[in-house]
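What follows are several structures.
The following pair of complexes shares a single chain, subunit A, combined with subunit B in the former and subunit C in the latter.
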Partner chain A sequence: MIGLDYVANAVVSGILIGSVYSLVGMGLALIWGIMDVINFAQGDYMMLGAFVTYWAFTLAGVDPLLSVPLSFLVTFALGVLTQRVVIERVLDAPMVSQITATFAVLLMIRYGAEAAFGPYTKRIYVTYADVIYRFGTISLQLPRLIAFFVSLGVAVAFYVFLKTTYTGVALRAVSQNRMAAYLMGINVRKMYWIAFGIGVGISAVGGTLVATFLPIHPEMGGFYALIAFIVVVFGGFGSVFGAYISGIIIGVTESVSALFISPSLKDVVAFLLFIAIILVKPTGLFGTEQR
Partner chain B sequence: MLQFIKEGLRDRNGQYFAIVAAVMLVAPLIFWKLDLPFAANAMLLCLMFSIMAMAWNLLEGYTGQLSFGHAVFFGVGAYTTMILMLYYRVTPWVGIFVGGLVAALVGLALGVPLFRLRSHWFALATIAVGEIFKLIFISWDYVGGSAGLQSPIVPEEQKLYYLQYAGSYVYIYLALGLLGLELLIMYPLVKSRIGYYLQAIREDEDAAMSLGINPFKYKMVAMFFSALFTGIGGGIYTVRFRFVDPFAVFDLISVSVYITIAGILGGIYSFIGPIVGSFVFVPISEYVRVYIVSRFPRFYGLHVFVLGVILLAISLLAPEGIMGWLEKKGYLRKREETGEVRKE
Partner chain C sequence: MERYICKAADTIRSKVVALVRRRGLSKSLLAAIVVIVVIIVAAAVLMMQGGGGAVKEVKVGVVLPLSGKLAETGADLKRGLEFAVEEINKAGGIKSLGGAKIVLVFGDSAGKPETGAAEAERLITEEKVVAMLGSYQSAVTKTVSEVCERYHVPMLNPESTSPTLTARGYKWFFRTTPHDEMFAKQHVDFVNWLNKKYGNQIKKIAIIHEDTEWGTATAKAWQKYFSEAGYQIVKVVSYHAATITSMDSEIDTLKAANPDLVLVASYVQDAILFVQTAKQRDFNPKAILAQDAGFINPSYVKQVGKDGFYIFSREVFNWDLGQKIPKLKEVNDRYKAKYGVDLNGNSARDYTGAWVLYYALEEAGKKASPANLEEFRKAIRDALASLNIPGDKLIMPWKGVKFDSNGQNTLGQGIVVQMMDDGKYHTVFPEEFATAEPVFPMPKWSERG
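Right, the complex of A and B next:
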């Protein structure tokens, strides 16, 4: 019998890792919702964020937490470049061209990074890595706790950005109706650049946070991209804030189910859940909306 | 028969086909005489990916179902051939076909839920299915778990029974034979009524349905043949490399995405496009892998990066693939089966 304290611990650690899944999922949901493009390379921008942090830490001794804005800005710039060079040209192309184009970006980023950085697992050793707080039977690792609060902060900042700034309102307008937004004088093309940049930038922050407590590898994006898809589909297609909540739910589900079934099978549960959700609503979670 | 061949040779396409077939049959002999193991291996992989990409294209190019899960059929075919050989001493001459059939049955079983999904939802679900199969095989002890299965070295007199030969030379003929078999089955299939039904489903599923075509039924037919030949490709992998493990055969990138690249590069609206695509991308990737990555392991991943560049270029510059591009430029006669490029 599994004791209640194990379950409580699993729930807490699920919430903490889930907050990272949320960030990756939010980025994917933003791009998907605004441009109706599925970015298969989402997890690899996250990996880039992790490596920006790693190099800043290794070469210049920058604390991982201070490199959050740095990793956001670097991936933002790369995201705008990707949008400009690749995504823009396939926005009105057949679905298969869109998918293969983002898959090509995935291959280039993931394996380009692998060729450049070497196929090795890397790790950041921060001084506070082993600080553990105990509350009764629940123990919390400091870097994971920090990751949770940073993730929450990023999500709140993003919410405020979408609700209060001109750019945020314009982004929402473009997502609701591209043509109407265009007629209202919004520069749709520029909004798409910003959307893609912010989308991958937010995921990169997730990468930075992961780098403080888990080993990083150029191919790590594959796993997180699959998680991000589950998060987005679960939270409601195109809904950024649904994605945040569902990221945490997925994290908890994953770490609690790991108590009951073999760890290697716990992801099977997540993938089966994913297929079940899209089967229940065959046309996608927004009913009749179809492309 | 002779009459048929004579008639075929009068046709321009038939002449091209005869020339290509002759070159393919002679090439392994030349590689063997000159001792070019790299070329032979690359040619075998080209043929293996041709078989699978053509099978994949029956689903994507003809039926409009973009699958990123063909590693499932490849892996099931590879494992079935290996298990029959290792545990039941069944010759791979039979095992390869049994592997194909098992893969086809798996395909049908997966088709029941998956064909309820459309466009990108189908693609996403096939990725998830591929990961599920990988994870299950990793934790399944009967099939060797994460260590995989390896076939033992057999004595000289059983080489033919167990199909164990040094190098790729003999396997090229096996793959050529199986590709020939695939062409013999696929070509009549896509030229038949069913082929046109599939294209109707690709262009507009609802319109096809309103004309009395049952999309689910014909998608299942496409899935059966697609999975069958992808499974056979897995069988070739098993006899050639004598080692299967879940990380290699169920890999999203190096199996499912490679097959997709072959299809997209060659042109998905062309019958032979996937073969052309395989013969273009495999040699490039293998060259980089063998001559750069193997010598400098630090640059592991470079061969896949190169594929990314190729895939990006083809997606942006010529989404209709090499065959479609050649046709647009007027180098090829227009195919009868070409529809308009699909807009969804």
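Right, the complex of A and C next:
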């Protein structure tokens, strides 16, 4: 029967996959927190990250871990471009326009990728894909373990960036009060570029990590975007670190609940938990009262 | 004719220019008028070209998942159909209609039943297709066939395997592929055969399946036939293929039940994840038997690597059948030359479906003309209902094609294949099509290189 040892494994496995959810969610939270724009295309930038990694690996033999910065930079650039060309123009538009605009971006990226790469499932073979560590009944696949640590590293680096650098402080200032930040001489427009770039870039890192242990395909972004939304609301709107923690909570919830109920319902359990939290604390786990 | 039209257009233009000069109309208005005139003339030319004379082409509608999660399977199915139609047209088209060419008109279901139904409606009412093919997922085939039944359009379904589809008593629905209950029965035959050959090692069975209609119906049929045959079903696990990112818990639940045999119904990405996780969790049943779909998809075969070795899959078709079916080898050689991949169970079944529909069109052409759409559709239906194609005309390991009153082909059957250590599937069952001896029990993960 299902013993504690299985639960322990489920928790570990949930933490590992949750750390990827966290990255996608963090990116979304950053963009939302700073610009109040919901980026529906978040999951698709993640897919782009996965494909950058795939092509770097397939064409040039670049190890997926080395392509983390590459996929971040490529997506960052694309993100800045998206911000300049699309998002910037709808920042003060009604929310429906913003939603439609980011949804248009989603369609362009997803089906553009499908047209360019074909709808086929692709998989990266890294030499360490088959390395499995076993601790009792807990088993860890090395790529998933690496993904966890990279994700943690990215989160910490991002924290340091926000707390210590001028840009980081400026970003936070813009998020707190756009007008005041503007009056203090912060280039708000540039901060928005950076925010969107980093936001999608972090998700792309998630894509890179996923590509080392899951098959990838152009439509993979849809599910992660959905998870990212729960993560963001769950963690508290715009709270980047709340998003990180709640990503992991959702991963664990899914994984553990699948042991006891029909795994078909594991997403439902994640959503139920989400609704329960929202009922108790409408601002999310780590959210503060909105301005 | 075009010359006269051009002349007329010139005259009109000069008159318009004169008009503009006289009245001083703005340039943009002039542009608008020119555009309108061009559209009207173009439409007139097009209308004059169409209509009248012998039928040059016969439109057949196809609804497949061309985008969405199943886009790659859809692309595969589309190739099978297109390849068959290309061959049919090259060989002279529908001879009873004076060599009319078959034209496939595609609709994209995006894998969704409601979208599929809307596309079917569009193909039938706007494109005026004479018959329908498709639509892969049983849930989509169900809604598409409902539309076809309502409009009295014959639908030939080459590749959906939910048994319920031919249990509805539809008049316009025909299915060439065997369905999951037939396969499930054959699965039992196969397991019985393994037990006889290797000394009754399989007693406890677990099932894991994706939770849409196809996976669920498969699991139900398995439960029914295996328990009837005296096997013990120790665990049934379902999961949602579209959102699965980790299968540790699913595999652990199976592992806890300690089955001898695991039956799997998965699509591509979840099939890969299943295999990876089984390895990671060191889950070692004596055999894994899959219900084709994901496990036979070319992407799976290409991507799964050595972890996929020794897994059995029910198949409708396999590349090595060419050794047993000469016609198949021929077709596959041409197919591979064109697309660079071998035919698989999906593309081969759709290829076969297109040919079966062609035989019916040939018969229907003798009795009715596509000019009278309603009558022609009825003639196709009747032709399908009385069709009797011998096995040697097919590339499938079937005894032939002959539909019962529910539209189910009664002469179809599946095969069982196993991925050997060359990374390819080899036919192991039934014996008359087998090209290899099964590896049983499958080696434990710890014993593999």
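Quick notes on this one:
In the analysis below, the second predicted complex is superposed on the first by the 269 of 291 C-alpha atoms of A that agree within 3 Å, B and C clash if a C-alpha of one lies under 4 Å from a C-alpha of the other, contacts with A are read in each partner's own complex, and residues count from 1 in each chain.
The criterion applied here is as follows: a contact is a pair of C-beta atoms (placed from the backbone, for glycine too) under 8 Å apart; a residue touches a chain by one contact, two chains touch by 3 or more.
Computed from a prediction, not measured in an experiment: that's the story for all the values here.
Once the two complexes are laid over each other on the shared chain, residue contacts for A:M95 go to subunit B alone; subunit C is not touched. In the superposition on chain A, A:L259 makes contact with subunit C only, not with subunit B. Of the two partner chains placed by the overlay, neither subunit B nor subunit C lies in contact with A:T164. By the touch criterion defined above, A:H217 reaches subunit C but does not reach subunit B. Once chain A of one complex is fitted onto chain A of the other, the partner contacts of A:N9 are limited to subunit C, with no touch recorded for subunit B.
In the superposition on chain A, A:G112 contacts subunit B only, with no contact to subunit C.
When the shared chain is aligned, subunit B comes close enough to touch A:A104, but subunit C does not.
Applying the stated contact rule after C-alpha superposition, one finds that A:N177 touches neither subunit B nor subunit C. Of the two partner chains, both subunit B and subunit C are touched by A:D267. When both complexes are aligned on chain A by C-alpha atoms, subunit A residues 111, 114, 118-119, 218, 222, 226, 262, 264, 267 touch subunit B in the first and subunit C in the second. For subunit B in complex with subunit A, the touching residues are 60, 66, 113, 116-121, 123-125, 127-129, 131-132, 135-136, 138-139, 252-253, 257, 260, 264, 268, 297-305, 307-309, 311-312, 314-316, 319, 341-344. Those residues of subunit A that touch subunit C in the shared complex are 1-3, 6, 9-10, 13-14, 16-17, 20, 111, 114, 118-123, 125, 130, 132, 134, 139, 141, 210, 213-215, 217-219, 222-223, 226, 251, 254-256, 258-259, 262-264, 266-267. Contacts from subunit A toward subunit B in the complex involve residues 38, 86, 89-90, 93-97, 99-101, 103-115, 118-119, 218, 222, 226, 229, 233, 262, 264-265, 267-268, 271-272, 274-275, 278-279, 282-284, 290-291.
Within the complex formed with subunit A, the residues of subunit C that make contact are 67-69, 71-72, 74-75, 211, 237-240, 242-246, 248-250, 252-253, 256, 268-269, 272-273, 276, 279-282, 297, 299-300, 303, 305.
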